[in-house]
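As written, the chain order gives the labels A, B, C, D, E and F, with residue 1 at the start of each chain.
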Amino acid sequence: MSRRARILVINPNSNEAVTDGLADALEPLAFTDGPEIVCRTLREGPFGIESQKDAESVTLPLARLVAEDPADAFIIACYSDPGLHVCREATPRPVFGIAECGVLTALSRADRFGVIAIKAGSIRRHLRYLRQMGLMERLAGERPLEMSVAETASGEGTLARMIAVGRELRDLDGAEALVMGCAGMARHRKALEDELGIPVIDPTQAAVAMAIGAVQVAQMR
Amino acid sequence: MSRRARILVINPNSNEAVTDGLADALEPLAFTDGPEIVCRTLREGPFGIESQKDAESVTLPLARLVAEDPADAFIIACYSDPGLHVCREATPRPVFGIAECGVLTALSRADRFGVIAIKAGSIRRHLRYLRQMGLMERLAGERPLEMSVAETASGEGTLARMIAVGRELRDLDGAEALVMGCAGMARHRKALEDELGIPVIDPTQAAVAMAIGAVQVAQMR
Amino acid sequence: MSRRARILVINPNSNEAVTDGLADALEPLAFTDGPEIVCRTLREGPFGIESQKDAESVTLPLARLVAEDPADAFIIACYSDPGLHVCREATPRPVFGIAECGVLTALSRADRFGVIAIKAGSIRRHLRYLRQMGLMERLAGERPLEMSVAETASGEGTLARMIAVGRELRDLDGAEALVMGCAGMARHRKALEDELGIPVIDPTQAAVAMAIGAVQVAQMR
Amino acid sequence: MSRRARILVINPNSNEAVTDGLADALEPLAFTDGPEIVCRTLREGPFGIESQKDAESVTLPLARLVAEDPADAFIIACYSDPGLHVCREATPRPVFGIAECGVLTALSRADRFGVIAIKAGSIRRHLRYLRQMGLMERLAGERPLEMSVAETASGEGTLARMIAVGRELRDLDGAEALVMGCAGMARHRKALEDELGIPVIDPTQAAVAMAIGAVQVAQMR
Amino acid sequence: MSRRARILVINPNSNEAVTDGLADALEPLAFTDGPEIVCRTLREGPFGIESQKDAESVTLPLARLVAEDPADAFIIACYSDPGLHVCREATPRPVFGIAECGVLTALSRADRFGVIAIKAGSIRRHLRYLRQMGLMERLAGERPLEMSVAETASGEGTLARMIAVGRELRDLDGAEALVMGCAGMARHRKALEDELGIPVIDPTQAAVAMAIGAVQVAQMR
Amino acid sequence: MSRRARILVINPNSNEAVTDGLADALEPLAFTDGPEIVCRTLREGPFGIESQKDAESVTLPLARLVAEDPADAFIIACYSDPGLHVCREATPRPVFGIAECGVLTALSRADRFGVIAIKAGSIRRHLRYLRQMGLMERLAGERPLEMSVAETASGEGTLARMIAVGRELRDLDGAEALVMGCAGMARHRKALEDELGIPVIDPTQAAVAMAIGAVQVAQMR
């Protein structure tokens, strides 16, 4: 292998704290002789992506970024996968969306999966996207925390609330694995999994693992 | 992280040459400070897994192996995913099937995927399994090489035949990514991808990348 | 018609009481000039089939049995249909699984069906199998008795519990026919149907009726 | 069992030759101590059911017949299943449609099925009905003979044409079992099956076998 | 455009009050230079269409009517769409069913829709029809008013009951648009929509709008 | 009704000739006492929308326009429905996408529909969108003209090519109605329909008819 590959993880909102959180969450996937994993904030992004308008506002900036940046693979680190298709049009290199990768990775671990959403309002958008991906058949359910992104990131009660919602997904809906439906929940992953006894997937970690596979095998002779 | 994790890749047939091929294919995913990737031949396996009976004959030996081996994650490296569910029952640690992971990884790269089978006779089994996984909606098509496993592994004309079949999947069926439907085709992956211009997924590499993700994040505090 | 056909109903567990129960349940389908219906215990089977491992342990013994026995048709009388595909590979004669036949027969009687499972733990396996069969679209729901097989077979309260669960399937889930999700519930079929007012299908009876059709028409000139 | 049950097979067209053919086809399912199988011509039916109007014209006469006749089960012996739901509304006793039973029985024998239609024009109606039944997922394909009903019943070349079409369904579409999409093809069933080497289902025979199961178990104490 | 087109809206029951209600509901779609909209009672129809038998009883009279009447398009104004396919066979001019058009129009306004049925008993028939139409994927749910048609038409409490049921569909089932599952609810449409804040579709109005489109563009040079 | 409603049809590309063509195509839906139909060019749009980037570039301008313009309903007149969801977020008034309305209207006319695309490259995007809409089950097929938008609009051979492609969709794929997959094909609609003998839907006309229904009934007391 000639050179070290680079995976660019793009936080499409402009909240640097989220980007820092991503970097922490991805540390266990940064190998000395593996691809470099770089987390970057999309300068043009809104402070948070909560509406469809927020999502649309980042599609072209993301496409410009992937067209210009020489990374070997890109991750769009927002659970709406904004701009995924326009980015794929903008570069022949692999572009991964964390929602898609999070769900696909849950499917590699168990038969039916549940999703923990932050807000009830986003479930409708997630369902539409799952339908587009053709992945509804193994969905057990999606339930919201009904907390703000800010609360989720910092609040004391977040883990407790996640456990409560996760239990409903597991016991009422039949989920055998969970996807955390937001880029900013990673630090609760382990505790949630330990508590619930079923695999819990952080979607950014999932996407980076898949990206590592893509860039490493691309370098074989 | 306290200790180096270990991923056990099990070749369920007893053909050591296949196991050696797996080890070669997985080298780019073996990182100095990443999980150890060990490829192992299932002693009890038949020389090749071509029939349903061959597949059934390895389910219990595989379950015994995953119950006893202390690895952090297991890969069943046969495109029929034999014994996947009994192995998951036998251990709480993650068990991945390469067919499932190969398809899921193709879905992370493009909208519709095609599968290159070795023989026409296995397509029916693959379709039944895709239906079980609920992943039919994005299947563009599956087409056979109509070569023996032996021919596929060694023969001169294999790559040429794969390219011809891959072109049909891409141009006639609309596949935008391909899965190689056998554990022993990895060494043709790069050439096939370069020739066709769409992502080509080796399912064992795909499964190991997902397993790396699983074991690494499990070790975070 | 030259000779009397024979249908072999195989109880894949080694509990003779279950085999005897099957024989009783099938008596109304044993016609003087119809096919002989023989119920037989799989010697190699575990005492009960409750886990995936139990199911896997009988696949090859079943395949050997159908390859060697000269019966005209075979029924695998366990609601997991263990070994169905390997048995079909082992003989050109018809092999029926009772889960498949039970559901298909329910579909011949009403639009949406419900399933009474013995334990919650098996529902996940049943759903996966229904998805494999492509028969999810008319499933109204599946609910467990949460009794042991032993209790189900002998206990006083079994019928009362079946009626309660059946009412939920009919009234809450919209089931218009029910499948009893176990080979050992046949003697409650009539009482349950009378109580609920919708068709109740014993899957072994359903499979034998279909097998009778298959073997009889095969003998026409 | 107190009395002999009776299954009424209704030919909804007024062509007595078709009714006689049904009787011949059902002879192997008439057991001395089994249910009596009676074939009857619907007096009000058109000479053949080829259009939607023909089908609609028999729904109310069929409903009247099943409401008045004391049979234990009814079979509507036309591959459009005309009047199935209004008949089920008219009687609490089981009413079977041969199209539904034919397809369900094919599903009990193999993974994917094909249908031999008489005319191309009826395929659209059959597909709509398969969609209503939720049974499209295992359809391999449907192909027409493009012969008239009369030709099919009497013509010399019918079997040869059925074999040719059956081969296309098996080899091009992947069908592993075939349903004969008409009530009047039964006498070619055996020859077609022998020639093609995959199960061929006559839908009326299939429906009667399921009806035998229903009426016999209904008589158990 | 040479002449004024005519759309014939057929009330298949013989209750003139329902026909008058249709005429009122369609007034806003009657443009001076648009197609003439004529509402007509099917003389042969039953007083109400509540059973499958009622529905079957009108199919042939409807087909005769559309074959003979010179209208440019036809609407079958009963939420079971009785006779839709036989009417399409009877005339090359467009025939619309209000159930189909109501659902399709809801899909043009929001992602997932709910249906307000009059009685629980009709939900099963509606679901079967939705499955036939291949439109289940975006169904959020269907819930009944459990009122008689008469009550619905005249009763004081109808609107209040519709609002209560509509809230359940919106809040518990996730419906983002509603279809009123009966031809006689139109006068409550506006109030219901205002109260719930999501689009509410009267299926007859929906069908007429689509028919206007069809007949007007047919007249372009 | 207090005032005349207004429907704003937005051509999201900046080609005024296309806007003029839309106005011509919509003339038969402009009634003296019906809603005013205004066609408008999106100033910020690219000259044609052919890539994903083109589509993304108009989403926010469209959202701004619908938020500010006082029209009673909006039509996004591009067969990719760009910005549909962000526009619906930006206004409580109805927003219609012509692709969605074109397909839904085809479904109101026949069982299975085909789509005539301009270029092969857009079929993949259309299929993904159909999957998102949950409307794949009745798709017979989609085939491209393989002409440029310019050629389609002006060229001599366009109609001949559309007829050839339409015949394939009808005869090889089984389409019983066709959707013209572009906003600029309307003037060929009538000739194509006359030639093929099955309904041909211009999606902009379809959307406007649905919009007329929406705005007119909204004005009832």
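We adopt the following convention: a contact is a pair of C-beta atoms (placed from the backbone, for glycine too) under 8 Å apart; a residue touches a chain by one contact, two chains touch by 3 or more.
All of these numbers come straight from a predicted model, not from anything done at the bench.
The equivalent interface to A-C, defined as the listed pair sharing over half of its contact pairs by residue number with it, is B-F out of A-F, B-F or D-E. Between the chain pairs C-D and B-F, more C-beta pairs are in contact across C-D. Inter-chain centre distance (chain B to chain D, centres taken as mean C-alpha positions): 43 Å.
Rounded to whole angstrom units, the spacing between the C-alpha centres of chain E and chain F is 24.
A separation of 34 Å divides the Cα centre of chain B from that of chain C. Those residues of chain D in touch with two or more other chains are numbered 128, 131, 133-134, 137. Interchain contacts give a graph that is no line, ring or star and is not complete, per the touch definition above. If you check each pair of chains against the touch rule, the ones that pass are A-B, A-C, A-E, A-F, B-C, B-D, B-F, C-D, C-E, D-E, D-F, E-F.
Across the complex, chain F meets chain B through its residues 123-124, 127-128, 131, 136. Of all residues in chain D, only 111-112, 137, 174, 176 touch chain B in the complex they form. If you check the complex, the residues on chain F that touch chain A are 51-53, 55-57, 59-60, 63, 83, 85-86, 88-90, 125, 128-129, 131-134. Note for the complex: chain E touches chain F at residues 1, 27-29, 31-34, 94, 96, 100-101, 104-105, 107-109, 133-135, 137-138, 189-190, 199, 202, 205-210, 212-214, 216-221.
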